[in-house]
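What follows is a set of structures to go through.
Common to both upcoming complexes is chain A, partnered first by chain B, then by chain C.
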Partner chain A sequence: MHSALQGYFDPALVALVAALVIGCAGIPGLFLRKPGPGQILSTAATILAAMAGVPASLQLLFSHTTTTYLLQWSLPFGPCELVIDPLSAFFLLPVFIVAAAGSLFAVGYWPAAEHRATERGLTFFYGLLASSMAILLMARNGVFFLMVWEVMALSAYFLIVVEHERENVRRAGIVYLIATHTGTLVLFVYFSLLAAQTGSFLLPPVGSLSALSPYAAIMALAAFVGFGAKAGIMPFHLWLPSAHANAPSHVSALMSGVILKMGLYGIFRSLTFFYEPPLLWGVVLTVCGIASALLGITFAVAQRDLKRLLACSSIENIGIITTGLGVAMMGVSSHNPTLMYLGMAGALLHILNHSFFKPLLFLGSGAIIHAAGTREMNLMGGLGKGMPRVALLFLIGSVAICGIPPLNGFVSEFLLYLGFFSQLKADSLVYLVLLAPVLALVGGLALIAFTKLYGSVFLGTPRSQAAAHPHEAGWPMLLPMAFLALLCLLIGVAPQLAMRLVSPAIAAFYPQPFVAEIPAGYDSVLGRLSLAGILLLTAVVLVTLLWRWRLGRGRVATAPTWGCGYQRGTARVQYGATSFSEFVVAVFNGMVRQKIDRPTLGGLFPRSARCSDVPTETLLDRVIVPLFMLVGAWSAFLRRLQYGLIHLYMMYIFATLFILMLWAH
Partner chain B sequence: MTNSIIHILLALTMPPLLLGVIGKTKAAFAGRVGAPFLQPYYDIIRLLRKGSVFSTTTSWVFRAGPIVALATTAVAALLIPFGAHQSPISFDGDMILYAYLFALGRFFTMAAALDTGSSFEGMGSAREATFSCLAEPTLFFALITLSRLSGSYSLSGMLINISFGVWLNTGAALLLLVCGMFIVLLAENCRIPFDDPNTHLELTMIHEVMVLDHSGPALAIIQYGAALKLFVLGAFFVHLALPYATGNSLIDWGLFVISMLELAVVIGMVESAMARLRLVRVPQLLVAAAILAAFSTLLVIR
Partner chain C sequence: MITLADQLLVLVLLINFISLGTSRLIFSIRAVAVQGVILGILPGLIHPFSWHLVGITTVIIAVKGFVIPLLLVRAVRSAEIKREVEPFLGYVPTLLLGAVFTALSFGFAGKLPMLPEHQNYMFVPASIATLMSGFLVLTTRRKAISQVIGYLILENGIFIFGLLLAEAMPIMVEAGALLDLLVGTFVMGIVINQISREFSSLDTSRLTSLKEE
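Moving on, here comes the complex of A and B:
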């Protein structure tokens, strides 16, 4: 550890300043009368800050340094430290990259000239959100952490409800607000217990608390619930689909790509505090993780709203990451460095990967909604012809998120598979390998979800008037997408480079000597993987050349799609999004159902009728909603306290404070 | 080196022969003379010479479908060992790459089908997506069993390890695996009882209906790719069911070719003896295959 102010270009200071600049980027726009310059200024500042912040984070990561700053404050919660260690630096990368990409995208997607009323607030809170996430990663005082956490949660709320004139947006906002505050409540418990254990609100150093004390289990549970609610791990995921679907697309990108990772960061960071964690912790994380992955992707398959599908797939990806973390924790508990390394490497790399391809897809969905004017996949189709560049970039994102080679999603899943298989030779934890077929099933379902998405949006013929004349997105929208797609391709073809980023973060996690020994072996495996990726691309080029050569020799004609003899097919006889997934949803009937209202047709000349379908979650409808209703009925008497009169509420606060003071004395 | 060259040459030239043998077997069962063994080669060459018709609805995705499907199968062919010989490319974890390469090919085949805007092809790709997703766990259970038996994490290590000695020791597990993998082999290659590669237009069609709009060289690439896929998945299966090995390199190549032909005959017999399943039964059979394979895994890891 070395203190600040060493040199003018201390990378930690650069990262801190970059975070603050992003936070202030939206402020000038609030005071400018003319719409436009504020947004441009904010975007420019954000991009410049990210261009400084990313190299600074990389330098901090590669140099394995930990930098500590002491924040002078007069609050009675003890000293407040800002620390950047490799784990923080690793999580800073997606914050800077996605914030900059989304900020540039907003110039094309939410131009100030067209959205005079909302643009200022949106830009301001967007910067505040990104900045609070970066500061959160540095905060090492429990109270300060909670303050920044709250700034993050509230700015996300204001971003979700930007279009608050729409009913479902307001609902999504309220659900999000309740969920996030329930999580924060649990975090209050967590940080209080932590402070009671260590005697100060400073977060404890790595491996300083025993995991065997009775408080440790409660703390771990509180951290899992509180941070898990933010990350959207399965039973705490309920708020996620509607919140992510109803926010503006570049905000969804930031929320899905980065905010969820803040919840995971909390879990990662909390786990570093304890030494000798019991095996049960790893088991709980793994079970919740794999359940999130499987159920999340099943929900995604059934969706017909473009952005809800993407949001549900975030639950899946968070589940995959949590599974990796759980496997790594089992490795720590059983003193198995290979398992710990593979699980952690898979989880961390998937965090990075997901924060590249998910924002890419959400930004792409913004471009699609811009062009088609709807989020309903059943009304789209054929957009690929009007917007070929968006279609290509979206294809890269779709292939990457399915975990298919040669893109980045495959690399992290590959590491996880290696981890599952690694215990086959040993006699302990052999059953871990049974996760592999489940992850394979998740992969298969992801393939269905994203062929459905890609096929019904970009391919075929337009199913509605609105989708018939799409326009290509402008360069401010294409450029960030292309950049993210490039990162996906880069990690996919050169996974060794990505491992350089991941290794220091793992070393920070458990700085035991064994960590350094393992990576060499897997580097060569990843090298083979990148060779196979290049081989695959070569094979594609060769087959293309063969086909082009033969194509040049023969006659080439065009004709309408063959309708199997039926001449009058319209766009509506195509397989739509709902019909594509109907079969598989029927197979997975227990978890998710498609409620279809089929009209009954009668007579020789049936009148026109409507058929509609709604995907429903069994767990939500059968368990959670009835449970909430019950709680609501039981606590109805509390409503008497609520009169809507502010002075009464102030009196409540005063009374509470007074009682607390009496109690303290 | 010689083995690698023979491996690549076999993968390039032999796959359509399997289709020829299957056709001949079916003809023999039906009491016909049948097309010559080399008919699939003639078909592919004829298609390569033909012109192409492209639907006005389609974009580049439609053209990329057959190309990516063949390229991925070709790379998978380099990962799988043929007979008792190491595969040209082999590393720890290559079995995961092997499984996921087919997923890439499938993504593009399905996208190409959806690109035509035809309801039939959309139907085909929806079915293909569902069935292949359900077949995926079976393959992974098989990989786990094989990896546990051989202690190896690469396809070459785990498949070459299987011998009649291993069968004597863990016969039950391998028998279950053979049943499960045979079902998956038939499903992934769209053979009866899952799909009928000889007809196009009936509503139960899966793979064949996805390629309705392809023509000329693209159709040739699809047909060759399908044959190669049968060959690659068949080579995996042959390791389990017919693990002949003598130690002499040349004889082993001969044995591999013979066992692949045997497999083709068996598939032909199954196709002659069975009818296509009702569509709603297909998922049940695939889940049954997964459970068989899961049992075999439990037998070896308990």
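Moving on, here comes the complex of A and C:
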């Protein structure tokens, strides 16, 4: 495949065309009267484009080449370059893979026949979103970058508000829109400063700007805030849970799996511009990252909405990636190639991993919601019996996200641990070791969150009528999930393969001072890891086969889960999702609260009562909402400018124009 | 040819004053239509002949001189209003302001750093003066239809500027400008309809009731 492509096509051109095809895939459906063919056509086009785009990206990655196209445009912002270097090619991989997987999933999850009114727009904007992300990775002109960035942000908005007849969907959409535009505003500042520094809107080449000038600090801060708002790093994560929870599941998969990574891509790309970054940058990234990881997973544990839990866990994973990046930046600042390599490899690999297992989980949640008709985990239960295949695939995703071997989440977190411990014998940066227990705590909490999720959704007995008769998902829904699960497994048992993907991207990051090769000694560690993974996998398969064989031989009695011999047990005596996590949430009481509305029971025969719970975020309720109120109160005087008279608004414009003309002379 | 163009531009300026000074809507619309036709002729006077130019001239005259005015006249007829009553600012003060702004724009244009070959033309001052007149109409009139007329005059001002800028305008830019104009008119037409349906009048100052308290 590779050689055939190499002979006839330029891989960069293939990737570009694939991106454009995905963007146009939804257009024919807009004009077809009959629902259905448009969706099938779009899915087919997207999958074919991805099948061309993934090998092309891989080839670009392995051949270490950088291809540049010059876009002829007549806009006054200087030349517009489209460049695919290994870093772009690396980020292109999840775009193509997740877009194709989600597109196929949509055929089963959001069939055109059932959703006549919304399917066309959904398919169109889905393609546009995926395409804009791919083009974004190639854009090397600040203005063009911002244009594509806006296309991406707006198409994501239209995807979130697909079910706009529901109040909370509209609300989530507005919050997202405000958050993304606030971020874009900061990016305007960033790109303007960048253009002022370099004299053109073309993004500067690697390592061309000094990080010590006062402008550099402002630019770095603007890039961190602007891109961090999109990535969902901790202080800027507010929009994330509700937007992810309210979008259709395959859109959530694309958003969580890929859009968040675009924010990270922006941070990665911006950091390449500077040489000799101060240690402070790495420290800030690490602190924000580890805080995101810890708080994100704490929020996740407290959630009772299935998709909100997954969304909060995205915050955690983005935090882990940012931590890795911060550690790598510390390595760069202190001229320590080992630390740089391990941090960067962990971060990049975790990006790839997260964009496999998180879409897998979101697609799985789509299948679950399709079957159970609710997102509330307290109302599910026992779904594993009705949909065993989804349950198995979801289990693989959950194990991967918790960082348990032999799946891929373990590999990237392991690299980070290696990075933390690598400085133990050095004289500087010894305190990095302190990050290891925090990351371990995060991993433990993730385990609790996903045990809660998996246990309350798939195990036990159904807690509501809707969950009582689940149906297995169809093959268009199972196939993409199975494919993503396979990728998770592949990276888990063959980490060296994944390292080959990551290394060129690191080389693109800091080509000169460091040789982007895996440091001596760690290579063999990965080899042993791979061996252990294969052994573990074999053991799991063997035990499963043995168990099956044993079951087949003996007499099997069926009884409700946790029946415990009760004559008239009810599904409500089992542990619910809320009760499972209550203790953990109580431990982290300061950061997150689970407001439980408990009835008081009295007497020998208490009357029937209700108990409900609402997870609340302390940061949001105590700090950010009051802050917004305060800003609102302060800027109330601006309201006086709003008379509601068109003429006055015209007058404002006129006066501005007039003053500018006078001022100019 | 240049002197003829300058004379036509003077005519454009005079038409601005007609729109500023009249209260009759139909008359104002016709004046703007004539202005549009003149603007359609202008490119032919300052650029050498080409079929491309013929095409542009035809389209501009058709759109600015006939299509949009017809739409507006129809809107006026269906809304059954003939005059702009009680503008925010009377006609005489508006006319005076218009004169002041025209004078100012000549002064301003004289100070602009321009290419030597553009130095002696009246294009820039005429453009700015027309733009300002458009703004004046937009800010002083109440009726939604007057607003559209103001918008058209504003657009004409921008068009005059464009004549100067591009030796051979790329067709995309022209198409864009014309489309912009047409879409703008349509949007205003829809707005007019909605306003008259909602408030049973075309008085835009009633829109204050939509203000967020």
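By definition in this document, the second predicted complex is superposed on the first by the 586 of 665 C-alpha atoms of A that agree within 3 Å, B and C clash if a C-alpha of one lies under 4 Å from a C-alpha of the other, contacts with A are read in each partner's own complex, and residues count from 1 in each chain.
We adopt the following convention: a contact is a pair of C-beta atoms (placed from the backbone, for glycine too) under 8 Å apart; a residue touches a chain by one contact, two chains touch by 3 or more.
None of the values given here were measured: they were computed from a predicted structure.
Once the two complexes are laid over each other on the shared chain, residue contacts for A:P606 go to neither chain B nor chain C. After overlaying the two complexes on the shared chain, residue contacts for A:P79 are found with neither chain B nor chain C.
By the document's definition of touching, of the two partners only chain C reaches A:Q642; chain B does not. Partner contacting the larger number of chain A residues, of chain B and chain C: B. When both complexes are overlaid on chain A, the residue A:G632 reaches neither chain B nor chain C.
Once the two complexes are overlaid on the shared chain, A:M661 sits against chain C while remaining clear of chain B. In the superposition on chain A, contact of A:A539 is made with chain B only, not with chain C. Annotation: chain A has no residue touching chain B in one complex and chain C in the other.
Chain B meets chain A in the complex at residues 48-61, 63, 66-68, 70-72, 74-75, 78, 89, 91-94, 96-97, 99-101, 103-104, 106-107, 110-111, 114-123, 125-127, 129-130, 132-134, 136-137, 139-141, 143-144, 147-148, 151, 153, 201, 212-213, 216-218, 220-221, 283, 290, 294, 297, 301.
Partner chain B is touched in their complex by these residues of chain A: 381-382, 384-385, 388, 391, 395, 398-399, 402-405, 410, 413-414, 417-418, 421, 424-425, 430-431, 433-434, 436-438, 440-441, 443-445, 447-448, 450-452, 454-456, 458-461, 524-525, 528-529, 531-532, 535-536, 539-540, 542-544, 546-547, 550-551, 553-564, 569, 571, 573-575, 579-584, 587. By the touch criterion stated above, chain C contacts chain A in their complex at residues 88, 108, 111, 135, 138-142, 147, 170, 172, 204-205, 207-212.
Interface residues of chain A facing chain C in the complex, by the touch rule stated above, are 74, 639, 642-648, 650-651, 653-654, 657, 661, 665.
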